[in-house]
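Below is a structure I'd like to ask you about.
Note that the chains are named A, B, C and D in the order they appear, and that numbering of residues resets to 1 at the start of each chain.
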């Protein structure tokens, strides 16, 4: 079965390492913060100028001057730092963020990503996404593997206007976890109960399937 | 106003000199840390054909969204312009020109404008529509595009505290684009919650040194929240 | 060292990994705000063929001047290298290569290095020996030269207070080049006068956020004064 | 008679305006701070990161962490700001400093300045001088009009390597106050007792001499 949004967040969270500075995009990436493994401490960077984003505030803590890049009211954890947008993107552009997790419409076998613009539809802007994909060395894209109509979003070449060129090396879809290397997707794991055949069928780009593709496991309670 | 006393005592004075066709650089991210009263004064003055440089364009009826109501903005440089029905309508009708700019590039363009750096290279936007028509050059084996600095006739900024000399500190994430905007205006106007005496702000803790600031005004602020999110 | 605890407890640990031929970016202006104990540790380790990026090169017997005694520096990027007889001698004997760099360009090169800006244009140095061989381009009717970013294998920085996470504040004008140096090291080591608990530093008053910092060490400092000037 | 160093500083100080941010170089420019006219408040910028430089410290105030660009121990006046070198040169390069006063070896009729390097002599570096002359719109050079051997330092074209090209518009020498415009020096004032003829003789560059060249006046007490 395809992963739920929560399971996707859980799976991504396993890529976190102790001491990582992490930027989480809007949507599923944001949920990753709920599944940080025990014994692992990560510092969340929010590109509007906050390093060390904490939990959502209580009613008493609510402060309009304290928001995250998704414009939600948040708190800062002890040891947080707050700075200007120029400083924030200096961190991002300068490659100081250890892991960036963000959504995508399409990804291709050369690591291109399209995530901000569907021609003919209203364009709201790229926000910080282009800076994030250009600046990070370590990016995980979270996305559905195919559209509702079954059309693959893991392509030979992106159809939509790009957010960044050749910058994505890992993709987590609702069906699989894949790496991108040397012009191909490499299937690393599959969602519980999802067959390799289904993944092959729904991957339009070049896909390398190793002899053994382990199934992801999730705790019942999660 | 003698010496370094940059205080003004009305919003009319604060925005004196703004004219049709000018470029306004604005601080703020979403509705956080926006110069809400300076924007309201621009609306009141009915100046038109403005070019606005701001990460966002407010929401319907608040922030820069106010300037859409009478079509005062002709062109805007922004990274994200959602959350605003009137904006969408004007964009679809070609009544407003939108130059979408990556957020980090926008921040750096303002900073460069204030810092006398006319242009810089960045990997951001290479290979995307943003890079089209821009010079591409390789550094460290990687293609980068050339981006030029931005400055404005006015910069409008929201601070927390300032002294009479125009030294400003920002509160929490209301800092965002404000420090860069403050450096990039030919005339920089800062509205703050409190004006203190020179010497009350610790010199090494000042975010915006007074040299960048032309006018300071103390105001009161609604500080509307865009996405109120609480835990129980 | 777990999570974000970046403390080390000896200068040997602080400079672990430094090797012959590496590039070191150093904070400090004159003898003010220099990482004096980290420099002393580099001397102790006798690493050679170093490239140093620093506004100055210390004085005879103190600061980066210490590294001249055993000819550890092969090349230095600096804006001003007076006040040092040994330095002069090595320069005249071609034992050290000096790349004189305008002070503001040097600061901006470090900042660009840390910020992922590979190159920028500046009017500084155009028409002078500094501009020779560099690309010239006109912006706003004025010629500018292209300057490239700088990064180092190590950055050595002197702070005032830091928390365990590596968030740093600087004291008075001992700030100078330190914040930019801190961003530009592959490994950034900061020595401070006091390490405090996370949460003790006001988040919006931190000069160097911990993300740039790899190691923090608490030390004691001589803080030699170069030009003691007092009034009666 | 040629101006003394103190008189040169006094004369420059008359160019100060209330509310000016001013960067004073080492030497005679530093002395300008002693002659700021009554009723005029200026803020001194020191390029190592201090805006609002105050007086020299007393023994009790002496602090090694508080120096100016000349590396002298100083104080900060109330309302000062302290910042990084990058921020300091952002101010300078961005044209935010109202007046820069600095010394020079040579200046020429096209506004070129040479102030940092004498080939064959030991070169100590340009410090912030190249940034200052490139960034300021308003610069006063202070210098002696001619060498001890009588060779002019106000030239048709600088002989020494430049600090900046086409950036100087005002020069105060020990003999005269001049402006530079359209490829010529314009003689505006002469030192008390110095004849126009002497200035003409000691100016190698193109010199425009108006019909009347007023003599500078200084108070006896100064």
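Please note the rule applied: contacts are C-beta pairs under 8 Å (C-beta built on N, C-alpha and C of every residue); 3 or more make two chains touch, one makes a residue touch a chain.
Chain identities (UniProt): A, D = 3-oxoacid CoA-transferase subunit B; B, C = 3-oxoacid CoA-transferase subunit A.
Note that the structure is a prediction, hence the values are computed from the model and not measured.
Colleague: If I drop chain C from the contact graph, what connected components are left?
Modeller: one piece
Colleague: Could you compare the number of C-beta pairs in contact for A-B with that for B-D and name the larger?
Modeller: A-B
Colleague: Quick check: how many Å separate the C-alpha centres of chain A and chain B?
Modeller: 29
Colleague: Just curious, how far off is chain C from chain B if you go by their C-alpha centres, in Å?
Modeller: 32
Colleague: Averaged over CA atoms, how far is the centre of chain A from the centre of chain C? Could you give it in whole Å?
Modeller: Chain centroid spacing, chain A to chain C, equals 35 Å.
Colleague: Going by the contact rule already set, what residues in chain A reach two or more other chains?
Modeller: Only 50, 76, 82-83, 89, 92-93, 135 qualify.
Colleague: In chain C, which residues are in touch with two or more of the other chains?
Modeller: Answer for chain C, listing residues that touch two or more other chains: 108, 111, 115-117, 122-123, 171-172, 175, 203-204, 207.
Colleague: Got a list of which chains touch which?
Modeller: The complete list of chain pairs in contact reads A-B, A-C, B-C, B-D, C-D.
Colleague: Give every residue of chain A touching chain C within the complex, in rising order.
Modeller: 18-19, 21, 40-41, 43, 45, 50-52, 76, 78-83, 87, 89-97, 135
Colleague: State the interface residues of chain A toward chain B in the complex, per the touch definition above.
Modeller: Spelled out, the residues of chain A in touch with chain B are 46-50, 55-59, 62-74, 76, 82-86, 88-89, 92-93, 112, 117, 122-131, 134-135, 161-166.
Colleague: If you look only at chain C, which of its residues touch chain D in the complex?
Modeller: 29-33, 55, 78-82, 88, 91-92, 100, 102-108, 110-111, 122-130, 160, 171-180, 207, 223-232
Colleague: Report the residues of chain C in contact with chain A in the complex, numbered from low to high.
Modeller: Those in contact with chain A are residues 2-4, 111, 113-117, 163-165, 167, 183, 197-199, 203-204, 206, 209-212.
Colleague: Which chain C residues qualify as touching chain B in the complex?
Modeller: The touching residues are 108, 112, 115-123, 137, 139-140, 144, 148, 169-172, 175, 203-205, 207.
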